[in-house]
Structures are given as structure tokens and as C-alpha cells.
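Submitted below is the structure of interest, expressed as C-alpha cells.
The chains carry the letters A, B, C, D and E, assigned in the order they are written, with residues numbered from 1 in each.
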Amino acid sequence: MNPLRRFLRTPEALAGAVILAALLTMALAAPLLFPGDPQAIAGPALLPPFQDWSLPLGTDRLGRDVLAELFHGARTSLAVGLAAAAAALVIGAVIGTLAGFAGGLVDEVLMRITDAFQTVPSFLLALAFVSVVGPSLGVVVVAIALGAWTGPARVARAEVLSIRERDFVAGARVIGMHPLEIAFREILPNALPPVLALSSVIVAAAILTEAALSFLGLGDPNRVTWGGMIAEGRTVLRTAPFLSIVPGLALVLTVLGVYLAGEGVVETTAVRRSLS
Amino acid sequence: MTRALALIRRRLVGSVFVLLIVVIGTFLLLEAAPGDAVDAYIVSTGGDAGMIELLRHSWGLDQSELTRLANYLWALLHLDLGQSVTFSRPIRDVILERLPTTLILMGSATALSFGLGSALGIYAGARPGSFRDRFLSIGSLALYAVPGFWLGLVLIVIFAVGLRWLPIGGIESIASARTGLDRAADIASHLVLPVSALGFIYLALYLRMMRAGMAEAWRQDFVLAARARGLSRRRIVLAHVARNALLPLVTMLGLQSAQMLGGSVVIESVFAVPGLGRLAQEAVAARDTPLLLGIILVSAVLVIFINLLVDIAYALLDPRVGASEAGA
Amino acid sequence: MSSPLLSVSGLTKWYRRGGKTIAAVDNVSFHIETGETLALAGPSGSGKSTIARLVLRLVEPDAGRIQFDGEDFLALGGAALRSRRARLQMVFQDPLAAFNPRATVARVLDDPLRIHGIASRLKRPRRIAALLERVGLTPDLAPRAIHEISGGQRQRVAIARAIATKPSLIVLDEAVSALDVSVRGQILHLLLDLQREERIAYLFISHDLGVVRAIAHRVAIFDAGRIAETGDARTVVDAPQSAIGQALVAATPRLNRA
Amino acid sequence: MTALLSIRDLTVTYRRDGGEVAALKDISLDIAAGERLAIIGESGSGKSTLALAVAGLLPASARVDGRIDWFLRPPPPLGAKAPPSVLPDISPSRGEIAPSSRPSPISRIAGGEPAAKLPISPLEGEMSGRTEGGAKDRRPSAIATDYGPLGGRDIGFVFQDPSASLDPVMPVGKQIAEVLYTHLGLGWPQAFAKARTLLERVRLPDPDTALHAFPHQLSGGQKQRVAIAAAIAAGPKLLIADEATSALDTIVQAEIVALIRQLVSEDGMTLLFISHDIALAAELAERIAVFRHGRLVEIGAARQIISAPRHAYTRSLLDAHLGLDAEPLSRQAEASP
Amino acid sequence: MLAGSRVSEGYWRTGRVAERTEFDHVRFHEAVETPDDLTAVFKFAKPTPFQLIRNALPALSSVVPKHIYESGKIEDNPANNAPVGTGPFKFAEYKAGQYYRLQKNTDYWGKDEPYLDEIIYQVLPDRSSAASALEAEEIHLAAFSAVPLADLDRISKVPGLKVITKGYEGLTYQLVVEINHRREELADLKVRQAIAHAIDKDFVVKTVFLGYAATATGPVPKNDPQFYAADVPTYAFDIAKANALLDEAGYIRGADGKRFSLKLLPAPYFNETRQFGDYLRQALAAIGIDAELVNNDSAAHIKAVYTDHAFDLAVGPPVFRGDPAISTTILVQSGIPDGVPFSNQGGYKNDDLDALIAKASETLDTSARTELYKEFQQKVAADLPLINVAEWSFISVARDTVQNIANNPRWAVSNWADTYLES
């Protein structure tokens, strides 16, 4: 069966795919539906939702259109989530495979560094990093990746170590394959899928971390972020709780979508593996 | 027990290097920051250039980075974390003052998430594919997707602001003269919301892990063998399936300790809990570099310590651990 | 008389477990002539599979010498070793584990041809088809993924890969013990045909004395990393002298068809 | 002879990726009480599915058609006498080799009559129950449930891989004791004491230490001995050994086979021995059933199957066998052209 | 009670550590003499207006006991964390991150005072919790705008609570756009005028401050009855005029509608300064100036603006403390070394203004001094070294039971000796 169809067969994966598709549409449509600066003042401040149909979700403290901010916030959340996860996966995969292949002292040093990064609470690290370098989108991405690469690194290393001992690698050596070819053609393609399977968890964590940083005022002030919206709304939590609740719900849905789709992918590939 | 002792020894040796990397790495990172403690201090007090020079000198900030790193490491050997700029007190005292609060928060949140999470996980995993399994699975996933700080705000809106059942923040009623059980109850009522906000997310994690672990265990031959031996379902679920599925959860307990410490930064901020997390945020805001260094270092030590406990617990739970290296 | 194709002397491999050092292979010496089958038999854990890996230099020995094709095999390294590997091939026990899970039959057979420059890119498909036919498979199997074909077919592909480089010695590590008896018979016949036609020598590792007796010229019986006895396969199996040999023979189930 | 169970038109189908695969097709055979029956076949022949079906261990996704009828006598009252695994039941039909293709009258009653009539059937006190996918879930409720074939109590099952079939984190003594605790109503101390006796019976060296050992501390053969001890702990009528020796070394295999043979004979158990090795089957079993592609090819006395197979497939299996007396293949090959 | 000699000595010693830059004028005293235990005579090197001393001393200095501070380094003195003073309350306890507790000083000189037995200052780092704590009667008073502005409207209607805007008259915050005159574009007066015209001050007051502020016309707030000058050049909200001014100055909009880009650094100390930063970015966008917001924590902000001058525009909240000489003129005056926070670090230099500032600080005659500062305001408003947008002060929310509150211009930081709770 076609993997995509098998993927969409489970209701969870389907729900995840629908959520992510909606989110992607939001992110892509944001500049078309809400051209210009989403932070532009669009109406009276603190307009509750569903009062004015030109501002369906109301306005925030400065009279900015919450719906426009929500759409543009989707861009930031997705961009940061994907970029940070990609960075974490790449860094982790490189370090992990390097450690796995090199072994010995290199492995030992890289693993102690990995330990060190895992020992420091990653959010604390991100907090320190952003406050040191100053908040901007790129810095936030790096800060999140700094705390997220250790998981992929460990998985990549473990996979490399285990695959190295497998018969088919011995078989490749027996036919005289060059060690580099063994590494890149025999081992890596088999070691990476379990690493990539982590991506949904990492993307979700990255989105949540970005939101938490923005919530603490360490987001990029030139971008709308959902975490930043929640933080803004927090000062008027009593009078206008919707300002925190709406972006919060968007966050929950997004992360849920990522998880659901991720589980679907894992399940789909797991089925394929069990069939083989 | 020799297995556990060997494990502890090996761990401790490795930890020294890890801590060294943590200290040096954090030190260099914080050195790269624009503005230093003097700048931060001046915000609150004011002062002219001459005074800034004076402060830089008296706080040793005019020395080279290497000298300061060396001094710092030397002081660390004497368990001296230095002097906090914002609190004008030894950092060790400041941290020790805040640490118990965070430990209580983390401990309660861990107990909640691990206890309830694994119990619900067993309940769900006892009948894979059943309605309750699917319901708990999806429900926990949704819960896992909730940002902790937002959950905190929602809980405040509902239970503290709306229903007024619970206090809105802090760790105990202000300057109350309560003692003994009264005081404990007061602290507990303050902890309900932050512990829930912090714990419920990890609860979802443990639930999911337990459930997945049980699904995995159900496929194992020894479960089929237990069925073949005619053991009761209850016995199979609890003594074999759940027992084996528990092991990865214990590992996760260690891995999550760092995450939970990070999560408590935000949760403590939302609920105004005067713990280590809030201290970290205060240190960041005040650019109190030595304090932040100290907090990160103490967190790292804490995480290493928790992981050590978890490793010992794991070794006790899984007889296979270290079997091949016994006596090594 | 020329020197043997493979001669192993004083081969030793240690491994550590729990602080103790145990010899997996303890001062083992043997030789194989061109076109000959030497079987290594013994209970599990007796070190026979370690010998296979040592001979192929998948594992480096702690002591001893390996002379292959007239040269010191242990002295080789890098490109020289890789090029010499064409002459010394291996077939593994589990044919599924022995191939990259993502590989196709064609790729598996293409690799040795490419690596050792045996055929140009354009000629390789024909060579692959010929190899498949040589091991009794149809060439239309080439585009199939390894996990899609049956166990017996896989083991034939493994043999095709081993003979692609025209080796003079193939190490067969329990190469037929995972197969059903009917398939096993076919594979054994294939191996014998190849030996007869190409003068390939086999180092045949097996725990099954029946198979050993049926296929090997000589046998060395292993116990705890050492050779307990060695000699003509029939002679040893029919009348083992060592305790382990006698135990193995006694434990082998017999079919009294009389 | 007395039939212990009778299998009629058994068909088992697995659902796999949308399609259905029949693992067993229309199998009918009787297993006599006290006999040693071997099921042989190559991979995919359905022999293990049969073992699981008899033990009621088929996965829920498997579809089962046909019947398995049991003829069990009620177990002795608890504590009335020494445990059955020590004091063997009398097995009247032991040694008899009588393949029966006729359905016994009991199976007709069991299958065709309301269960409530069972107590007045000719074999009073015996009962039948159909097992598919979980024996105890499907016990007829109208009759005394104690009589149903129950895994562990009435059926002992030994799996192929002893490393996988023991819980890795539970001491082996406890894994045996929990069977005794469950089926014999013993308290834990007595259960452990009995577990120790069982370890002795399966000739595990140093049973006191072994009682508290974990599976990873034992060798493969020792683990299989533990698994056998757990299987026979509650004194089952039927012992199913599903490729129980094929993961083991030749020498260990011989020891385990000898042990099984001895235990079966001492306790008067019925043995269902599943194997791919026709020689091993012939050494151990009185009767052999040959399976291929989910069908029963032929069944008969071991001697007859070995020396005078009726079916070509059986013959080819015999021919492919390479025993210690086999002619070297090279000579055959040279001779054949 | 402390002896006068102790007064002077303590003053001198702390002066070295914690003095503020705005304090410059007062600091230039020669000596403090204490002829008897209850008198201190301050001698100044330059003529110093008494008005200035009167305004500056309570805001910027504290008297500390000599016997405690005479030995050791002042900054290491344990009394820094357990202060000893002369007021109606004694420091009792400090729980980091939780509260400060003061106890009644039974030796206080005021008759029957203080009325309160104990004051607890609770740390409520989360602003949204202040209102709830008041409503829940966990606290009686939230000063210094602890209750967010957005909650004031609602909370003013809660029975038992009152919103008080008084009590901070001596402490007026000014919302100021600091300008880096090193930037070529910003050195052009027309550009500064255009920016001033682009800011809708009424909107800022209404939206950012929810009405709890006043629009500003110049460097002295309207609520100062003595120094404030109303007749200064003003800049009405007028986008068209702002655009015209920019066109005139030669900064034509590019194809993307942008004239030039700026770095905008809002100070992080108040929600309102950050929010105004957000607003200013939008206001500048309307006139074709592309502002990039840079949010820093306080240390980085101080360094970026006052030491590194790595800003084009900054939003700051300087404080007017009742006299322009204390904290206000320094924002305009030139020649201040790099690194002095809350001073003119924008590279602005105007000799006229410098001379005016110097003269005013030495003018002893009150009305002459007042006139000089009115002139100062006119010149600042005309030349726009910085743009004053709004003025605000703190708001207190208290339970009705709290009496005698906000009864002096610095009430929140005064001694509260007469405050009591109605039962």
C-alpha cells in the first residue's frame, strides 16, 4: 500500500495532518490575508472577540488585530520550530555519528560534552544564551538547538555503534568496500531514520521553548510570536483573558498536530519495518 | 550492592569532567555578554564613570578572563561560589535559601507525574486498543502539547481568580505565624497549582511511556509464556507487563530532571514561587553573572545527583544492569 | 608440494568479561588446500565463529599468523587488504542480516564487481544476471529488494556475492543452519558444484556433524577455543577420539530408517 | 486408548496488512492421553500455529474455525494428596500407538449437545470445551469451570527461545512459584519450596541459588530447564514443546530431550512435540504428524513414517536429512551424473 | 536618635559608594560640620540653591548610622541587608523573593507613632497577582503601580478597594524618546520634528497608559507648579506634516516606501516603555521610517545606550524629582563622560543650553532660577535633543481600611508613621 495512504488511515495521523495543513495554510496565507505589519494598530485597544467582524478575535493592549497576529505568529512558531529542530538534528547527527565512528578519545570527549549539555537544563541554557546574545529570531533558534541536539546525538551514536556490529557491515568489509563508503552508504542511511523519528518531538519542543522564551520577554520583539502574545495578555489576564487563551490554544493545537503527525509517521514506518 | 557501588564510582569520575565542561562553557558564554554586573548594578543605584571603575576593580571584573576563570575554579574547589552582586551575599547562601522550594516543587511534581502517570499508563496499557486506552492516549498527547506556563495561567484564571479556591502565587501565606502542620498545609495549598502546571505535562509523558512500554511488553514472548502458564490477567499485567515497562520510565525520570528544572524557571515565574528558577530569571535580568553561573552549576550537580539516584534505582530494578561488568 | 592456500598458526584471541580475560580462540593452527573443504565443528561458544572473523580480518587476533595465498595476510592493510579480499569471501548464517536492509539484489551483486573493477558499469547488469543464473536464480530477481525474496533465494544471492570476485576461499559461517532441510540440500549441492568447477576451498563452520560429514573433506572439532581433534571428516565423525567429539556424536539425533 | 483432545476441521487465518493468510487448513487429528506426538514441518507449515491453537494462545486477530474438544477429568481436590507433578497420574494408554481417525462419542456429545448434559455422559466427570484465542475466557459458564483446559494447570507450554520466554527481571524461582501459587492455591513460602523441588527435578545444579537467580545469570540450557519446570509445575496433562530445543546447542538439545522424555514418562503426561527435525521427532515421539503449508500431510506411528512414508513430501524430508550415517554429498554428486 | 557628627560621617562614607550622578550639584560640598548633636552644617564649594538641596536630599540620600558603618568596607557591611535607621519602623526580617518585614519602632520620637505594629512588603513578581491579592485581602496596599493599569478600571469598582493617584507628586516619570544625534538623519532638526509630529501623544496616554498619564510638552512635567512652562513649541500629531518635513529634509521614500532604517531600543524597566516602543515602531512606519526593535535586559540596555551608543532611538523613563537640576538637565547637557546612565549620551551638544544649565544651577534667587528653567524648556522643545511624550506617576490601590495614605508628595517612600488600619 502507498505509504501516504497508510499514513492517513489512522484517525490520529489524519487529525495531525489536518492540523498541520491548516497551520501551514495559516502561515502561508498570513501575508495575503493580513498584508502589512501585523503589529500595526488596527482598532481600539482591548476589543473583545466577536464584537467587530473586521476584527473577529478582537484587539490587544495597543489595538492590534489579534487574528492577524495569530496568523503571523504561526509563521514564527513554524519557522522557529522547524529551523531549530533541523539545526538540532543536523548537529546531533553529525556529532553522534562522529563519536560512533571515531570511538576512543574522540568519542569520550564528544560524549562528555553531550553529557554536559544534557546536565544543564536546556531551558536555563536557552535563557542564558538569549539574554547574553540578545533576542532575535536567529539567536532563539540557536538557543533552542543548543539544548535539543543531545537526544539526536545519542541516538545517532547508539545506532552507528549497533549497526557497525551488524553482519551486513561485516559483509561490506568482506567484499573490500572502502571504510568511507561503508560509513556513508551502509551505516548512515540505516542509522538516520531513528534519528529522524525524533524530529516531531524536537519540533514540538522547539515550538514550546520558543513560546516560553517569548513569554519571559526574550523573543524577537520585531516578530509576532504566540508566546509573546500570551505574555502581553498576561498583564491583562483579569480583564481580557482571551488575549492569553487564544494564542495558547493555537500553541496547543499546533504542538498536538506535530505529535499526532509524528506518531503517524513512526507507526507507518514501523508497519513497513515489521513487514520486511 | 557491589554493582551499585561500582556504578556510583564510575559515575562520579565522569561527573567531574562533565561539571568542568559545564563551568567553563557557561563561564565563556556569560563572558561574551554585553554589559556586566556593574552595568546592571548601576541601573538600580546610579553612579559615574569613576565609580564604575571602582566597582569593576573591587569585583575583580577588570582582570583578564583567564584569570577570572582560574580564580573561579579555585574558589569552587573550596565550595565557594562567590558573591552575588544583586544580593550582596554569598551565592551559596542565596542558592541554598531558594533550593528547598524548588526541590519541594520538583519533588511533588515528579511524584504527581510519575505516580499518577504510570498508574494511568498501566490502566490504559492493560487493555491495548481498548476505548480507555485510546482515550487516555489521545488525552495525554493533548495534555503533553500544552505549554506549562500557559497551563499555569489557565489554572490561575480558573482556580485562583475565578473560583478563588487556591492562592494565586507564592509559596506560603505572607508572614503568617503558622507553624507545624498548619504551615505545611498552607504551603501545600500554595503548591497545588504550580505542581499541577509543572506535573501534568510530565504526567502525560509518563503515561504515554508506560503505555508504549506495556504495548511493547505485551508482544514479548515471556508474556505469552505467562499466559500459557495460566497466570491471572491481573498478575500478568502487574507483575510482568507493567514491571518490565516500568524500566524505561525510571530512565526517563533521570533524563527529565533537567527538563523539569528548566520548566520550573517558567512555572516559578508564573506563580511567583521563590525558587531556584525564579532566582535564575532574576540573575539573568540583573546580569548577575556569578549568580547565574552558580545556579547553572548547582542545577548541573542536582541533575547529576538525581541521575545517580535513578541509576541506582534502575540497577536495583533491573538485575541485568552492569551484570557484564560486575567487579570491573 | 606448494604451500597451502590458507595456513593459520598459533591464532589467539582474548576477550574480557567482568575483569576476567578469556580466550575465545586459544593457539589454534590449521591449513586449507586449494579446492578443499575444512569444517570447523563444535558446540556453541567453542570459538569456531571467532575463527571465521579472524581469518577474514573482521576481528584482529591477539597472536598468531595467517598465511593466505602465499603472503602474510595479517601484514596487509588499507587498500592492499581491500584488494586481496576479492580472493577470500564469506557467507553468513542469517542471509537477511547479511545484507543492507535497503539493498536490492542487483545492488548487492553490483558492489563487489564495482569495487574490484571486475566489470565496467555497462557490462555489470549482464554479469549480475550471469551470477544469478550461476546460483540457480532467474535474472528477473535483480531489481527486487532483499527483504522481498525468500530465505533460500537470499542465501543463493549471498553465495552469488561471494563468488562474484572469483575467490579461492569462502568462509561459510553456519551458512545452512538457518535453512529448512529441503532448501539446505539444494544449497549444499550448489556449494559442491561451485567447488568442483571453480576449485574453491571452503572453511565450513557448522555445529551439525551430519552436514559436516556430508560435505567436508577434513574436520577440526573445537572445544573451549582449542582444536580438540582433527582429521578426515568421515573418520572423525564415525569414530571420534576426543570427549567433545564423542559427546557431539552421541547427542546428534539419529534416523533409523532400516 | 483414551483421547485427551480431538481437533476437527481446524482452520486458522491471520489477518495481515488487509489480506488473510491461512496458517492452518482443515486440520483434524486426535491426541491420545499419555501419548507422545510429534508435529514436524518446515517453516510456514503451521506447526507452531497448531501448538498455539491447542494452548489457546492464538492472537486475538487470528480467526479460528473448527473445533478442539477436550476430555479432561476433574482435577483432584486441592491438598487432598501430593501434587500431581510428583505423583504421576495413571495413563492407561501409554505406549499404545493408535491413530484414531474416528471421532470419539464424547466429542459428538460435547459438540452437539448442550453442555448441561455432560455430567451424565458415558465418561462421567469429563468435559469438553472449545478453546480458541483464550481458553479461560471461553469456558462454558453452565458447567463447572474448574474442569476447563487451563493453561498452566492442564497444559504446559515450552517455547523455543528460553531467553525470551522467561521474564528477565523476575527471579526464576518466583516465575515457577507463581504458577504454583496460581493453580495449586499454595502460599508463597510453600510455592517457593515446591519450586525448589521442581528445579531439582529438572536437574538444575545448585537449586537453592538458582531459585533466586535471574534468567540472564543462567545458560541457555539452564533457562530451558527452568521454563520446563514452570510448564510442568502444576502437573498438566499435556505438555507442548514448541521447537523447545532448536535454539540450543546439539549437546544441550540432547539433554533437554532426555529430560522431557523422562518427565513425560514419570508424570504420565501427554507430549505434543513440535519440531522441524525429523530425526529428533523420531527419537522422541511415538507418533509423527507431518505438516506442510498449513495442511496435515500424513500422520502415523513414528516407525512407519520413518521407514515407510506414504507421502512423497515425507519421503523428500527424509531424503534431505543428513544424519551421521549419510553418505558424503560430494560422492553422491559425483556419482549422480 | 543619632548624633549629628555621626550624621555627617555616615553621609560622607555612603556618598562614595552610592551617590548618583544626578546628585552632582549637591555633592560639591566642602564639608559637613556638626556643632552640636542635633545640628549639621553643610558647606558647599559653589553657590547652591537651597531649593535644590531641599529637593534633592530626600530623594537621593539617606542618613546612616556612623557606629555601624565606621569600620570595614561599606559595601560589605552586614547592615546593608539589615538596615538600621531612625524611622518609625525597624527592619525585622527579609525572606529573599518573598517579603520584607518591618516592626514598630517603640523608641520612635513621634508621639504615639507609629500606629501600625508591623509592615510587610510582599514580593509579588507577577503583576497580575497583585490585584487578586488585594481582592483576596491578602494585602492591604499595592503601591508603585503594582496593579497593572489594565486592571485599575475594574478594581476601582470593587467594593472595599480604592485607586489612589496621589502620593507620588515628587516622583514623576517621563516617557522620553532619546535620540542619537550621531546619526546623520537624526542630527537634522526637521527629522526630529517629523518624529515628534508622528507620535500621537493622546493615543499613547489613552492606550499605553489607559489614561493614567498626561501628555508632555517638554522636559518639565505639567504637574510641577513652579518650574513648568506651558508656552513652548508643540508638535501636534500630524502625519502629513511629518512626511512633508522628511521630504523637505531630503529623505525621500524608496520604492518600498521606506526612507531609512533605525534601531529602536525601548528600556526594559516598565511594561509601558516596551509597549510605547511597539507603538513608536508603528508610528515611525507611518512616516516611512523603518525601526527595528532591540529588546535588551537592563544591563545590556544600559551598556548599549549609555556606554556603546549602539542605538538610534531609545525609549527611556527618566524621573523628574521636583527640580530640573537633579535628574533632568543632565539629559541635555553635553560633556558627560561615556557610561553614565540616564544622561545625555546621544552626542547632543548645544552651547546655549549648556550655559543656561550651568547658570541655573548656581542661581540662588528662586524666581530668577525658575525663569532660567522656563527658558531651558522652550529651547529644549524647540531644538528637540529628545522628545518628551508623556508623564506619569505611580498608582496605588489600597483597601478602604487603610488610612492616612498618599498624604505627601513622596508618600510611598515616606515613613508611614501616621498610617493606620481602620478596623
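Note that a residue touches a chain if its C-beta (ideal position, glycine included) is under 8 Å from a C-beta of that chain, and two chains touch if they have at least 3 such contacts.
As the structure is a prediction and not an experimental result, all values here were calculated from the model.
Colleague: What's the minimum number of touch steps needed to get from chain C to chain E?
Modeller: 2
Colleague: With a step meaning a move to a chain it touches, how many steps does the shortest path from chain A to chain E take?
Modeller: The fewest steps needed to get from chain A to chain E is 1.
Colleague: If you average the CA coordinates per chain, which chain's centre is most distant from that of chain D?
Modeller: Farthest from chain D by mean C-alpha position: E.
Colleague: For chain C, which other chain has the most distant CA centre?
Modeller: Measuring from the centre of chain C, the most distant chain centre belongs to E.
Colleague: Just how far, in Å, is the C-alpha centre of chain B from the one of chain A?
Modeller: 22
Colleague: For chain A versus chain D, what separation do you get between their C-alpha means, in angstrom?
Modeller: For chain A versus chain D, the centre distance works out to 53 Å.
Colleague: Using the average of all C-alpha atoms in each chain as its centre, how far is it in Å between chain A and chain C?
Modeller: 49
Colleague: List, in ascending order, every residue of chain E touching at least 2 other chains.
Modeller: Those would be 128, 132, 296-297, 300.
Colleague: Could you tell me which residues belong to chain B and also touch two or more other chains?
Modeller: 33-34, 156, 161, 269, 284-285, 287
Colleague: Give me the residue numbers in chain A that touch at least two other chains, ranges are fine.
Modeller: 131, 134, 234, 237-238
Colleague: Going by the contact rule set out above, which residues of chain B touch chain A in the complex?
Modeller: Touching chain A: residues 14, 17-19, 21-22, 25-26, 29-30, 32-34, 138, 141-142, 144-150, 153-154, 156-157, 161, 255, 258-263, 265-266, 269, 280-281, 284-285, 287, 292, 295-296, 299-300, 303-304 of chain B.
Colleague: For the complex, which residues does chain C have touching chain D?
Modeller: Touch residues, chain C against chain D: 43-45, 151, 180-182, 184-185, 188-189, 192-193, 196, 207-211, 213-215, 233-234, 237-238, 247-258.
Colleague: In the complex, go through chain B and note every residue touching chain D.
Modeller: Spelled out, the residues of chain B in touch with chain D are 220-222, 224-232, 235, 239-240, 243-244, 247, 317-320, 323.
Colleague: In their complex, what parts of chain A are in touch with chain B?
Modeller: Residues of chain A touching chain B: 12, 112-113, 115-116, 118-125, 127-129, 131-134, 147, 204, 208, 211-212, 215-216, 227, 230, 234, 237-238, 241, 244-245, 248, 251-256, 258-260, 263.
Colleague: Any idea which chain B residues touch chain E in the complex?
Modeller: 33-37, 39-40, 42-43, 45-49, 51-52, 58, 87-89, 94, 97-98, 156, 160-161, 164, 167-175, 269-272, 274, 278-279, 282, 284-287
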